[in-house]
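Quick one: structure below, then a few questions.
Should a chain be cited, it is by its letter among A, B and C, assigned in written order, with residues numbered from 1 in that chain.
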Amino acid sequence: MARAVSTRSKVLNTVLAGTLGFLMFFPILWIAILAFKTEGDAIKAPLEILFDTGWTTESFGAVQARSDYFKHFSNSVIISLGSTFLGLLIAIPAAWAMAFVPAKHTKNVLMWMLSTKMLPPVGVLVPIYLLFRDFGLLDSRIGLVFVLMMINLPIIIWMLYTYFKEIPAEILEAARMDGASLRDEVLYVLTPMAIPGMASTILLNIILAWNEAFWTLNLTAANAAPLTAFIASYSSPEGLFYAKLSAASVMAIAPILIMGWFSQKQLVRGLTFGAVK
Amino acid sequence: MATKASRSSARLMISPAVVLLLGWMIVPLSMTVYFSFLRYNLLQPGTNPFIGWENYYWFVTDPSFRAAMINTLVLVGGVLAITTIGGILFALLLDRPMFGQGLIRIMVIAPFFVMPTVSGLVWKNMFMNPVNGIFGHLAQTLGMQPLDFFGQIPLASIIFIVSWQWLPFATLILLTALQSLDQEQLEAAEMDGANWLSRFWFIMLPHLARAITVVILIQTIFLLSIFAEILVTTNGGPGTATTNLTYLIYVSSLLQYDVGMGSAGGVIAIILANIVAVFLMRMIGKNLDA
Amino acid sequence: MGHIRLKNVKKSFGDVTVIPPLDLEIEDGEFVVFVGPSGCGKSTLLRLIAGLEDTTGGTIEIDGKDATALPPAKRGLAMVFQSYALYPHMSVRKNIAFPLRMAGLPREEQEKRIESAARSLNLTDYLDRRPGQLSGGQRQRVAIGRAIVREPAAFLFDEPLSNLDAALRVGMRLEISELHKRLATTMVYVTHDQVEAMTMADKIVVLQAGVIEQVGSPLDLYRHPRNLFVAGFIGSPRMNLIEGPEAARHNAHTIGVRPEHISVSQDSGAWKGTVGVSEHLGSDTFFHVTIDGFGEPLTVRAGGDVDLHYGDTIYLTPDPALIHKFDKQGLRIA
């Protein structure tokens, strides 16, 4: 609306949206606060916690001592990065071929690939579990890297395909007219233009792999458990542990919250398979 | 550029992806179907005889199956209702001019990026715990009896937690769709004398219809597979109050080690998901043609 | 250098024949314009010459050599695209340098050509900017610069001015014509705007549905259109075409007379009519006149000071020497 919007309505909207937004965000804010309290303080009444208790970082240390937090953190890192980059290796040529050498079957192949993502993981839980057991892949990071790569491959291919398609064909034709060979065209024109799209794809997939909570819970034990499984181990009651849970949670979700901030648009593109623009 | 040479090298470039995905689909899937027809329990080594539809029969006639199906439907339906309606309202709100929109948007979107195990535990302990949780404290200050969420309304509690996680997704999608609406259409309607409600009903909602359908279809596919939130909060209990189909199969396969039954359940889950997938693929296909 | 010959060139997409076999000769140093309505195949023809599309039949010769099977990079041609197709991640300098880099030219030679092109196109101040930071006209010049430095046998322009606003278009038209005079290189130019065609071309090729309707100099096409299509396409405002009894009186199925070849009077003349809408441009006035028995209103050009208004009676007299006659098939009668 290009009309002057009254400041009053703007303020009203801000208050309403701000309140609702704050309520949505509150749990995250709350654990960020509890992470810096002692266990004893963490179970007091909320207002008491806010105003009557002191701050401490003891919970962070306790988490690490209790269960080698950093090992699980590095497992998450390895699994997310590993599955994403392995996926890229396979997805880039595929997406390139489908975007630039379209054939009659391209659309069907693409749709088929997307459909594999709609398979409920529980439908193949048994065979994957048994196969992993028999090949010694249970509780291994490599096994998890492979599984997560497979479930995210359709999304990586899809996103790269859409980004490649957005490169105007005329620019590639201009490069051809300028005397560029196929190799020159890919190296000097295509790749630099595709880098933002690839970065977005990488970001989104790291997020999806980091938060994956089916295979990571069922295929790992002490060794390869990433943060999802690590946090799940807090579900057995251990007496007072709010502060530790908060500290562990904050450390587990912080990297992804930051990445998520940058990935909103990519989220829409990647997870709606282009059905929404 | 579509010379014959390019065509064959293109096929070569697609093949690793196709081969892997094909293998990923066919191998485990056929194994699941195969196992579903065997008596196969990991705790009872020995032969695994072919028993036809027996696994299916026992799986489906078990009372927990009926409970799981109902729970699945209630869970998915409940979350869909909350996130779709909430998403539309949030999208409409966020589309308006306001101060600090960027910050507010981040706050609204954040829950989607929290891993399911964290959100399950945080809500269960810090908020819903009747003694130490915030809701409990709130009830006490108001002089009411604190509600034991997971004791008294376990499924609703799970629906609440999952909705909190997925509301941002629906909001983001619907907001994107809303912002693609041509302002001039709304201005034309205004000049034609339509008030806000009419404009919403006759112009915005039809425009959003497509996005709403996509949100519902995609969320349904993912919501059928809710697992982590149930695992860390209730383990499917009390009884089977929060067991959905996915959790039931998990229990069968990995807790009771009944591979045969679990596989039969898995096949049923796949068929269910496929029904939804067919509709979603049709929508995607239409878009790819565009 | 820059002699292009098309022999029996045909183009089909699947079952659809977009360009039936045609022949065309482009002389060295000529400014040739392909003009015609949307979908007439002019861009396709240009892309066939460029090598961006393969011919379905026929041969393309460049300077006597058969270039039909050569890829675009090896034809020695440079193309300026409608959307400019600049490389967004490279500076202007790098954009212009790209073809030279691909050709493996030594650094100093590259610099020399870039500086010279930049100077002649007024781009020297912008060499380090990115395309995203330039205006439409500047981007256009960068695209031209990128083509110039290759010192090609011929330049190909694909509707280069369509994305510019009207005022800018007039200026760039002059610049391109100027460029042609200076470089004396063959230029093949595609446009749907017949004003551009008339003002810039040495030779115009009028196309419709893939078929060449007429080839000739601008004045040639203006004075002696071969058929109804060319007669109605060239010249602005459009030639008046009249059928029926009036045409029969001139022994033709259709007669045509241009708005500027009809004289206007308030008292007497060959045709009596009523003034409809009149467009006053200051320098000229265009009257749309309804005449009994003539199907469409006629457009007439008169001086800027003629004082006639809506509803007035008017008399029109066409210059008899400048009436074009066409037969039933739409072909010109000598």
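In the analysis below, a residue touches a chain if its C-beta (ideal position, glycine included) is under 8 Å from a C-beta of that chain, and two chains touch if they have at least 3 such contacts.
Note that the coordinates shown come from a computational prediction; the quantities given were computed from them, not determined experimentally.
Visitor: How many hops, at fewest, get you from subunit B to subunit C via touching chains?
Guide: 2
Visitor: Select, from A-B and A-C, the pair of chains that is joined by more C-beta pairs in contact.
Guide: Between the chain pairs A-B and A-C, A-B carries more contacts.
Visitor: Find me the chain with the mean Cα position closest to the mean of all the protein Cα atoms on display.
Guide: Going by the distance between chain centres and the overall C-alpha centre, it is A.
Visitor: Just curious, how far off is subunit C from subunit B if you go by their C-alpha centres, in Å?
Guide: Computed value for the inter-centroid distance: 58 Å.
Visitor: Rounded to the nearest whole Å, what is the centre-to-centre distance of subunit A and subunit B, using the mean of the C-alpha atoms as each centre?
Guide: Roughly 16 Å, centre to centre.
Visitor: List the centre-to-centre spacing of subunit A and subunit C in whole Å, with centres computed as mean CA coordinates.
Guide: Going by mean C-alpha positions, subunit A sits 54 Å from subunit C.
Visitor: What parts of subunit A, by residue number, touch at least two of the other chains?
Guide: In subunit A, 176 touch at least two other chains.
Visitor: Could you list, by residue number, the parts of subunit B that touch subunit A in their complex?
Guide: Within the complex, subunit B contacts subunit A at residues 1-2, 6-7, 9-11, 13-14, 16-18, 20-21, 24-25, 27-29, 31-32, 35, 90, 93-94, 96-101, 103-123, 125-127, 131-132, 134, 137, 141, 164, 167-169, 172-173, 176-177, 180, 183, 187, 210-211, 214-215, 218, 221, 224-225, 227-228, 231-233, 245-246, 249-250, 253-254, 259, 262-263, 265-267, 269-270, 272-274, 276-277, 280-281, 283-285, 287-289.
Visitor: Sort out for me which residues of subunit C touch subunit A in the complex.
Guide: These residues of subunit C touch subunit A: 50-52, 71-73, 77-79, 81-83, 85-89, 98-99, 102-103, 146, 150.
Visitor: What residues of subunit A sit close enough to touch subunit B in their complex?
Guide: Counting only subunit A, the residues touching subunit B are 1, 5, 9-11, 13-14, 16-18, 20-22, 24-25, 27-28, 30-31, 34, 43, 45-46, 90-91, 93-94, 96-98, 100-103, 107, 109-116, 118-131, 150, 153-154, 157, 176, 207, 210-211, 213-214, 217-218, 227-229, 231-232, 234-235, 242, 245-246, 249, 252-253, 256-257, 259-261, 264-265, 267-268, 271-277.
Visitor: Any idea which subunit A residues touch subunit C in the complex?
Guide: 168, 170-171, 173-181, 184, 188-189, 192-193
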